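I'd like to ask some things about the structure below.
As written, the chain order gives the labels A, B, C and D, with residue 1 at the start of each chain.
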Amino acid sequence: MTVAPLSHADMAARVAQDIPDGSYVNLGIGMPTLVGDVVSDGKEIVFHSENGILGFGPAPAPGEEDWELINAGKQPVTLATGGCYFHHTDSFMMMRGGHIDVTVLGAFQVSERGDLANWATDDAHLPPAVGGAMDLAVGAKRVLVLMMHTTPDGRPKLLQECSYPLTAAAVVHRVYTELAVIDVGPAGFVVREMVAGLSREELQQRTAAPLGFADEVGVLVPSGR
Amino acid sequence: MIDKRVASLADAVEGVADGAIVLVGGFGAAGVPVELVHALLEQGARDLTIVTNNAGAGETDVAALIREGRVRKIICSYPRSAGSIWFEEFYRAGNIELELVPQGTLSERMRAAGAGLGGFFTPAGADSLLSRGKEIRVIAGRRHVFEEPLQGDVALVKAERADRWGNLVYNKAARNFGPTMATAATLSVVQVREFVELGDLDPEAVVTPGIFVDRVVEVAG
Amino acid sequence: MTVAPLSHADMAARVAQDIPDGSYVNLGIGMPTLVGDVVSDGKEIVFHSENGILGFGPAPAPGEEDWELINAGKQPVTLATGGCYFHHTDSFMMMRGGHIDVTVLGAFQVSERGDLANWATDDAHLPPAVGGAMDLAVGAKRVLVLMMHTTPDGRPKLLQECSYPLTAAAVVHRVYTELAVIDVGPAGFVVREMVAGLSREELQQRTAAPLGFADEVGVLVPSGR
Amino acid sequence: MIDKRVASLADAVEGVADGAIVLVGGFGAAGVPVELVHALLEQGARDLTIVTNNAGAGETDVAALIREGRVRKIICSYPRSAGSIWFEEFYRAGNIELELVPQGTLSERMRAAGAGLGGFFTPAGADSLLSRGKEIRVIAGRRHVFEEPLQGDVALVKAERADRWGNLVYNKAARNFGPTMATAATLSVVQVREFVELGDLDPEAVVTPGIFVDRVVEVAG
């Protein structure tokens, strides 16, 4: 394959396009946090952090960190004008209760029914850890997955059935990878956009479930960032 | 740009459908969103289910909705306040349905809806007639009754101050059911005494974060 | 019977004696509210109101009423120094969750097993109303009942079985009437104190369940108030 | 006279029994009652069940309790933080029991205990391994799992300011689990940065009313 995949920054920017102005958004730890850096041009987005912040802003300047003002990834943040604090149980009311408009999560695997596996692998060496993933996956109005199309050793992450333990069943609405934007619906995976120069067959080879294609498949063009 | 402020009471209650489940804040006279309820009366929605602690008194707010025949059913804990004449008249004539719920259960059922829970077991009322027909389970040696979430289509709430994001603070015991009802309705509508600028509310002291609020209208006094 | 029963004020004062310093107390509407007027001599008691107040104080001076600062009976109160406000769901956490040390409630009937009937009679003419009675009865650490010994037409209110619908089963710890202070325990009703001049037989006649008596039965003496 | 202030950290944790269930506040480093946990280490209670979001990191607080062999079991949502070396070592050697709970369920289970509820149904985790052996119920077309209340014997919480009644306010995101844990333990112990006079806290902005607090100790910094 000679095509140029999207960079992480481009992937995040593509997700950001799909987040409407005025949304309440929870970003998972890892790559999804990049979305926060690119989403704000012209839109007013309120970011939620599971540890009790609604409306947090960008990282503070070096030396200005407040370790009692951190996000779910334990990184220092700031409070946006209009932001506020609340306790954990109230925070998870927001998450589980359908009040978060959009969540962007990383994933190990996504099935064509929208099943999400993002909390445990089959590596028994590590103690299991789940955090807020399950609450968020069942509760957000729209679950977007931002992940690489395959594992580092080339195995597909888009599957007919997840082999890893599920986080939640039938919750993912859309997947963003370095190669494509793919909807998950009653018809299984439907490709909406593909990176320039990639063939449908090449994308299917990297995907372990049958792909449908939209009538008009858009083209993703790397920005060079 | 987020701006949940609306210009008029009519805008605030626009779109409430016939048959809606409407959560109405207040305990006694404190925290009752009187002007919003009157706007709903004007707006004309019928066949309503009203969820509120009392059943209205005198000729205003929920009592007026009942008097005008707009209320099919009321879900409340204490419909027998002084002056609840319209409720009592409709109730005796069989023209209004009553679902009586212990007060803590009423509040907790709305919270369960707002929190995305499927229901809970409570000891309150488990030994009483109010648990008839419901699942009873002995937990830790004690009878509990299963209670379902209570979700509203609309919440009408009174608060003290709001910013354009819908962050709210309340006044004293007028807080009562407001913060819970705001979480439990598809459309949460709030009347406040005063709009303030974004950033004017202390982030440590916001009682209802704006995520739970859809529309805010200023009603002086 | 020629004995002088306790006045309402004396009954309230007797209840107040049994409330330890530092207690969190919820007073039911009606006669129990009188306890608030007599409890404070030398003790610091925090009064809870179901509508979201912890630490309310006495009624305001006439003209100073704030109708957004009312108690469960919808009467204006004040806020004591150290008091605070919270919402209804949190308020009922306190009540149902075992955080209130003492509640003083009125009752229609109490059974010898401690069953409480205080929300509905057999009068089908009135619409039923329950308020917070059931949450409080199951949740307070100690449930005290303050009521007249018999109905206005002389029927006993202390019974083997309640005939009115129950508020909660086996919750009442002690009953205070104009005639006696009676514990409710595994042995049924046990009289701790009786009003001066009343015989055990006279008290039993007014009670529709067998009365036990403490080894030393104290004497209640009306104050004349 | 109510005065919940105690003079020392040792007084604050006095009486914690072997085998106690101890709720420990904090998320990451924010809101962890480090000094109270160290006082518990000094106090010597063994065979503890610790309920906390993470499993400690480095050599301090919960990690130190684990290192010293005081912890029989940990109930948490995310024991795999950077630096959780003592937990990982004990876990691999089979010397500590782990009950993994989704974070919202962890918090909600403690709230249920504090609220006197017998348990609740949640959709979180209902499709997952974490619901194995638990009751599953389809409610409104969706799988839910039944979760039991989680009551502590002791809660260790960090807040910002307290008065002698135990009313609390917190600092920013250090609030996290503190308000819920304070409701859910038989003995609630709080370290605060500062004592204030009764009446100095805004009654509209108290986060934890004193009724949920038993002991408060001042720890500067």
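Assorted remarks:
What we mean here is this: a contact is a pair of C-beta atoms (placed from the backbone, for glycine too) under 8 Å apart; a residue touches a chain by one contact, two chains touch by 3 or more.
Quick caveat: nothing in here was measured; it's all calculated off a predicted structure.
Common partners of subunit C and subunit D, by the touch rule above, are B. When the interfaces A-B and B-C are ranked by how many C-beta pairs touch across them, B-C comes first. The distance from the centre of subunit A to the centre of subunit C, with each centre set as the mean of the Cα atoms, comes to 56 Å.
Per-chain Cα centroids separate subunit A from subunit B by 35 Å.
Chain centres here are Cα means. That of subunit A falls 30 Å from that of subunit D. In subunit B, the residues that touch at least two other chains are 108, 111, 115-117, 122-123, 170-172, 204, 207. Residue positions of subunit C with contacts to 2 or more other chains are 79, 85-86, 92, 95-96, 138-139.
If each chain is drawn as a node and touching chains are joined, the picture fits none of the line, ring, star or complete shapes.
Pairwise chain contacts in this structure: A-B, A-D, B-C, B-D, C-D. Residues of subunit A that touch subunit B in their complex: 21-22, 24, 44, 46, 48, 54-55, 79, 81-86, 90, 92-100, 138-139. Note for the complex: subunit B touches subunit C at residues 27-31, 55, 77-81, 87-88, 91, 98, 100-105, 107-108, 110-111, 122-130, 143, 170-180, 207. Those residues of subunit B whose C-beta lies close enough to touch subunit A in the complex are 1-2, 111, 113-117, 163-165, 167, 183, 198-199, 201, 203-204, 206, 209-212.
If you check the complex, the residues on subunit A that touch subunit D are 49-53, 66-70, 74, 79, 85-89, 92, 95-96, 115, 119-120, 126-135, 138-139, 165-169. Of all residues in subunit B, only 108, 112, 115-123, 137, 139-140, 142, 144, 169-172, 202, 204-205, 207 touch subunit D in the complex they form.
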